[in-house]
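Should a chain be cited, it is by its letter among A, B, C, D, E and F, assigned in written order, with residues numbered from 1 in that chain.
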């Protein structure tokens, strides 16, 4: 009995979080180890289903770099990166689209459904969900930046009980299809939905301080300071900028968390300390 | 971290129960120790709020014997019982109504609200929620039996996010007000709502076998057998009959549980074994 | 036939009033003789039902002084008043709540239903209908003033065809329950609902002029004048202040009428002259 | 005061009728003196408005014989009747349609509106409200019988607060327009709407017995008897047949009343004895 | 096959127009030859039905001068015009109303229905659709100008799939019925509905330039210029003023087209050049 | 002008078809030349948009054989067919899914959107749209047959103005993903939606008679006859069986048409003779 009682206490401990987030939207960038390792994939899907069942509307945006890499290799299509963005010609885009929209997107849908949820996978081309144009100032081909998000369609899908799962491709206003960075799409979707939270799953423990220890909570002005003094550097720079942009666009809180920790998502949402780094506005 | 992970595992353990019961109605007869002791009262209210937040529609029907007893004594109104039912004249009924509808009903509403929920307290007279007539074959005054329940009003209240809390008084088709047994009202309400569960909180560990040990699960034909050979006896007889009647009327499962156990309600709903006795139909 | 024709003419005389008030809300403070004498009670209930049937949404707020007095006496609980408000300790509050929410509230519900209507009785604690805090500047215990009204719940109830009947208790923001003056609650409810009319049933013929004759119509500036020169005095002062406050808060018209006159309510609503005193804004 | 009190009593006397008929539909055939004399026209419009305001849905079907007669004469178009039906050629039909749809229909609409109601005038051709075919077995030209009624459109109009006023023309399944007897149209409309009442306003005191005194209530088998022994004869025959047919088609009660009596409609609905003759089914 | 393929190409050519106008409202003043000649009448009805089926909401306002003339002559009622408006006494108004509401209105309804659509004919008196007052500064009797339009009723009718057909009579705020110019009513209705288009069918090829050739497109300032130099003159003046007024009141585009051309309506809507003259605002 | 008039006549010729099919659902199996050749692809998309705009709900199910073939070849994955079905191991399925869901599905979505429509691409895995199990009696790996269709999700999407485009993959009840024949999925979807029409686009002129000439219309019993005497043979057998099954399941009409003909879809829907073969039930 004692054991059962402890379980109940833990359930009740979650109640204030459930109440606080009931009816709100979380946009989650899904990628890295959490999307590669079998056990973590399974746990991620379970977490999404639990969020949905306690009244939260999760929206998943996924990446897919390693899988794209593998297929490019098999097809002997050479590839290279400029500023962390893959130079994308027609042949590459075809591979990107096949892997993201055809394979990974539907696998995530299936994972969520196999764990008891309902999901619908979309690419940014469906219903012109993500309108895009070519990134400026770089000669990297069909790589896009977001110019608009069709929020209505995501709300419809959430309302009817499904979790939207989005492959980060964009519908060009020039008629082209664009390959877009998944963090960027997640941020744009979070802004369009005025989400409660934007959560980026990464393969690091969060934003690190000078002593390389993860920082638990950051305000936007602290972030600016850490960027200036180059404490934040490398691949973390676009991630915190994505968070800053989302906060500026009306998202309430943003989180950079460690997707290698099992159930990272629930730990962040349902425990006081959370894991990884939370970045919020001044007030 | 390990500790937090365990907590998350426990949350996830609850998921199948949340999914199974999402949108369904539980009618709970609230009484005994769970309604008398401060700690238990607080825990009961928390349990109701959690049920509501994970998508279940709890409906509470309460008793109030001891408090009625105390006021009758203070006012020097003599009282007596026939077959477990209080003989009720006009003066007694006035006390019953004041204590049930005026005091206890509103205290339960307040407890639920103080623990984060929303509740509305009704007597069976409000909106002719419980239509009644005098019990037959006994000369015990204004004691009633249920002849009809206004299910619509309860559904409206549940739909708008409130927990209905019901004082067991009835609106006589002859114009009188009737004092009705709370188990009986709970059973009738459960039938009218075609509830998923009818849960009776008692001050015993459940239905006992010949060795006086609580029985975990009973089918209706086993109950009939135990009644015949008088293993079930005394105050437990009307309770199991109430359950049998509810099952016959379309309620899916019924439970006689030990309200003295903290969080008895959640333990019953969210753990595999449950506590107390579950009585279900044959199939 | 002539007689029947006269009846029809009278029905048609009511038509402009029915049209004018169709769909509007009347908040009625019910108390005094109209709530004590059998014949008047019956007539009041009939009036409420007629109002409801011709498309008006009546909301009843009731008092209960004499009945509280009687139970306090029986239970030998001493009581005293400061500035017309009953000093309320825990024991007194329990009696107040039992009598108001348990007895009187449900009797009014029953009266309305016995005369062909449908009603739901609520205390200010149900659904946190009336939020309150302790009255300031007086040491009179658990006596409250209104800080907020949950108008939504009253609109839902009215919309589904029921008459809401409200016992004047408040849900303290400090967790306490408060005893509140019924006129005050009626005024606050009328403001929250932006009622067409606030009608206070009293045991006097209305606001009296210097010659002690009832005044038929008053504008707010005339009221201020009569308060200044003390033509309005004693128990009438809080009543006219309650009306002034309601008008200031958006209520269209207020009425202080003589509840001792049979069908006072209908006379006020459906006849040109009305009975008692009508207080309206300047324009 | 006494006088006012009497008025209130009369209002309350109407309450049971208001409750009984709230939400139900009355189809009223309007014609004869009630449509010719100024005072009666005004009173009829007032009655319709009152019915609408107390929650009844009146539907008016009107005739227009005398006005048609006058225009035919002015235009020197000869006219004759066969079995009470006007032989209708193209020229006659044009006059019928101008007078009924153009003049009388809009005047009734205006009368209702001038007395505080809202109305919409339709001919049986609008929205194919009344589908018709040529009456069989008689060589009388464009005189039709009803083959179908578009009940939906009438329900829409009633629901949005308007009183439908119908000119008795029909939309032929052969493409012609048909002149139809107004009683017949009223009966067909009442059946299509499953009306509570079909009320025929006439210029006689009702169905007369052998002593030429009006009969208050008749059952359908009594009507059959009176038809057989020719107590009912002449122009009353099609009227009672119309009622019988309506009752057979699901209308609850039918009334043949004296439109020359002021407020005949309200007298029939709101007084115990009514005026004229009520014909109802056996049970 | 070749022929069929051409047909399909033409269908597809219409697609951009269908898309552009889907869900918008066109108010069409119907009169002149298009309302007189059998073939044109039939084609007009077909056009209206097609517009409705491809998602446009047409609203028809009709005139009826020649038919009124004929009946006035038959009835030997003398008639005269002042500034193009018929001096209207009571006798004349009766004829006007009979012809417009009774005859023409219902014939247009019938034509639309015979060609596969659904229509409801209304006069401006129905539901107080067109509120009017006497035209000022002229002594011409019951001739009115519009003071208000009940747009709600037209939207209801359009929404349920019917085409509203309106006879240009007005409901006087002084209780009179008024005869109103049909162009004026069409303009007022178009403004009240914030229509996409106001289309006036005439018996001329459009607005003519100095060389008497029809002008295809005009901006409002060009119109002002053409009025000033009297290029626009005679009966065309009120028509262009009506268009200017509609544009000022929020109508997007106005058209003066040649109703003598078969399918003038569809030609205007579905072809690039259109027929007749389009008048639009500056920008 | 003459030319424009002819265009209008052709538009009006389409009206009866628009009216007949307004609000109904067409399920279209898209494949073959119509999906390979640039001009035909563009025309197909235009046809779908026109259907949607005139009130029809098209649902597209597509194949993708040749594109799958090409990628398998590039990746050097050997493939073979049994009874016209591709033997599908894990590696093959991955290719199938990438090509169908990732590439072709989104290209069709984009084509429809580039031609003015709105579309959402789904695989049978999204929202468990197509539930499947392994085909019986053949050892061909992950090739499935349909066991259920989630019609609700398709209706939601159609209702909000989007065209659903479906890749023929199935969600196995055993947890596997299945490759399913596109004709089969189209048939199952048509049955689940009780579609008005199931249209299969092929690369042949329709069902051929003994003289190898296409048959315009076939009844189900004629089909049975032609199957028996082997007039229908080869790849046409599963297609007509698919149609027969759809008709049996409640689909009104089925069509096997020649996708190589430009605008085959519109020709079939909007012309009297149609193209290809129509198969309908007996009556």
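One rule holds for everything that comes next: contacts are C-beta pairs under 8 Å (C-beta built on N, C-alpha and C of every residue); 3 or more make two chains touch, one makes a residue touch a chain.
Quick caveat: nothing in here was measured; it's all calculated off a predicted structure.
S.K.: Which chains, if any, touch chain B and chain D both?
M.R.: In this structure, the chains that contact chain D and also chain B are C.
S.K.: Find the pair in B-C, D-E or E-F that has over half of its contact pairs, by residue number, in common with A-B.
M.R.: It is E-F that repeats the A-B interface.
S.K.: Among the chains, which has its CA centre at the largest distance from chain F's?
M.R.: Most remote chain from chain F, centroid-wise, comes out as C.
S.K.: Counting only Cα atoms for the centres, state how far chain A is from chain F in Å.
M.R.: 35
S.K.: When the C-alpha atoms of chain C and chain D are each averaged to a single point, how far apart are the two points in Å?
M.R.: Here the centre of chain D sits 46 Å away from the centre of chain C.
S.K.: Per the centroid of Cα atoms for each chain, what is the distance between chain C and chain E, given in Å?
M.R.: 57
S.K.: Out of chain A, which residues touch more than one other chain, so two or more?
M.R.: Chain A, residues with two or more chain partners: not present.
S.K.: Graph shape for the chains shown, where an edge means the two chains touch. Line, ring, star, complete, or other?
M.R.: ring
S.K.: In the complex, go through chain B and note every residue touching chain C.
M.R.: Touch list, chain B to chain C: 71, 74-75, 94, 97-103, 105-106, 109-110, 113-114, 118-123, 125-128, 153, 156, 160, 162, 169, 171, 175, 177.
S.K.: What does chain F use to touch chain E in their complex?
M.R.: Residues 1, 4-16, 18-19, 22, 46, 49-50, 53-55, 116, 261-263, 266-267, 270-271 of chain F touch chain E in their complex.
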